[in-house]
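As written, the chain order gives the labels A, B, C, D, E, F and G, with residue 1 at the start of each chain.
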Amino acid sequence: MTQPERPFDLLNKEIGQTILIRLKGSLQIRGKLTSFDIHMNLVLQDAEELEEGELKSKVGTLLLRGGNIIYISPV
Amino acid sequence: MTQPERPFDLLNKEIGQTILIRLKGSLQIRGKLTSFDIHMNLVLQDAEELEEGELKSKVGTLLLRGGNIIYISPV
Amino acid sequence: MTQPERPFDLLNKEIGQTILIRLKGSLQIRGKLTSFDIHMNLVLQDAEELEEGELKSKVGTLLLRGGNIIYISPV
Amino acid sequence: MTQPERPFDLLNKEIGQTILIRLKGSLQIRGKLTSFDIHMNLVLQDAEELEEGELKSKVGTLLLRGGNIIYISPV
Amino acid sequence: MTQPERPFDLLNKEIGQTILIRLKGSLQIRGKLTSFDIHMNLVLQDAEELEEGELKSKVGTLLLRGGNIIYISPV
Amino acid sequence: MTQPERPFDLLNKEIGQTILIRLKGSLQIRGKLTSFDIHMNLVLQDAEELEEGELKSKVGTLLLRGGNIIYISPV
Amino acid sequence: MTQPERPFDLLNKEIGQTILIRLKGSLQIRGKLTSFDIHMNLVLQDAEELEEGELKSKVGTLLLRGGNIIYISPV
């Protein structure tokens, strides 16, 4: 019998891939996922800030706190 | 004697079905439920953002944090 | 000696009955209570959204997160 | 040696009495206290909503979540 | 060797004394401290609401939830 | 081998010294640190409220809840 | 077999380096990381407040509560 899939399995599959994160407020972050933990804290590389889908600034590497995330989506 | 039903049983029944999620703020998400956990974190496929019931954008797969959910409804 | 009554006893009595839920913000939900858990997560059937007491939309079945509830009242 | 009094002792004394509850935002609730738990969830009977001290609507019985309470006062 | 003093020691010393509490938002409460617990829930007697330092209304006895407190000051 | 330093070590060193605390919202508090606990609850003496760096009022002794703090800085 | 990397490993590598912290609201803090704990509380040296990327004030040493952080980025 196989274990049912769980939401964090999606993050495991996305390691090394580019993801888009929508935060509370209007801010979005796009970058390559390097690591995550059980609080949904994420490290991203080549990260960029977007607002309303438009590039606002390039940030590079960043550690994002999970508590501000609305959703995470592979791009 | 049967166990009384519990709220998460509804999520179990909706795996593979399309659900509508109303979030804090005016955002709604509609998509096919793939997995969930005890924090009500959800993975959806073919997900779409709606605002006031109108399609705003197609997102595809997404991992939604449970903490921002007001309610979940089968569609 | 009888146990003193506790707030959740009210929810137990209301299973199968119509209740009105006032949420943070101006939203109210009315529906028939099917199940609940210790976080006050509720499943409702024939649920409707109200605003300022007026019907806004019919939702059907829904799973409501307890964290957004201000109060629950039998109707 | 007597135990020092604790804040929840006040709720114990007010069972069956009318209390006024000030909530976050401008809403106040007045009603007869029936039961409470350690989260300060309360059941009230003959409850009324007030705003700025004026009667807004009669609600009857209600289960109020403790998390929205600013203070509780005997009347 | 003496134990270092801790913040709650201040509340112990203020039992029976008048204190001023500044809450989130613009509300302040002044009253005589009767009891407190580890969540900083307080019972006050002869309590008054103030706004911008001016008396707004007399409340009498009240149970104040700790979660809304910014600071407590002896007066 | 020495233990790595931790953020609360800064508070230990500042006991008896004047610190500036920036709170959520525009409020700042300046005063002499007397005690603290693991929730970052602080007792200050000769405390003053500031707004935009200007003295607003003298409060004297106060117990500040840690949950509203953005940062603490020695002055 | 090596342990997978985790988000807090980034903080370990940045000890002694300058980092930029974006907080809830419009405030940003830039400074040299001295220490951190599991709540993402940080001590910074030579810290500066920025708003919209422009220097607002020099703060010096500060202890920043983790709960207000959106992200941390090496500069």
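Things worth noting here:
To be clear about the criterion, contacts are C-beta pairs under 8 Å (C-beta built on N, C-alpha and C of every residue); 3 or more make two chains touch, one makes a residue touch a chain.
This is a predicted model, so every value here is computed, not measured.
Hopping across touching chains, the smallest step count from subunit B to subunit E is 3. The distance from the centre of subunit A to the centre of subunit G, with each centre set as the mean of the Cα atoms, comes to 19 Å.
Chain centres here are Cα means. That of subunit E falls 34 Å from that of subunit G.
Subunit A and subunit D, compared by their mean Cα positions, are separated by 42 Å. Residues of subunit A found to touch two or more other chains are 67. The ring of chains, read from subunit C with the first step to subunit D, runs C, D, E, F, G, A, B.
Across the complex, subunit B is touched by residues 23, 27, 29, 34-37, 41-43, 47, 59-65, 67-68 of subunit C.
Remark: subunit C residues 4-11, 24, 40, 66-67, 69-74 touch subunit D in the complex.
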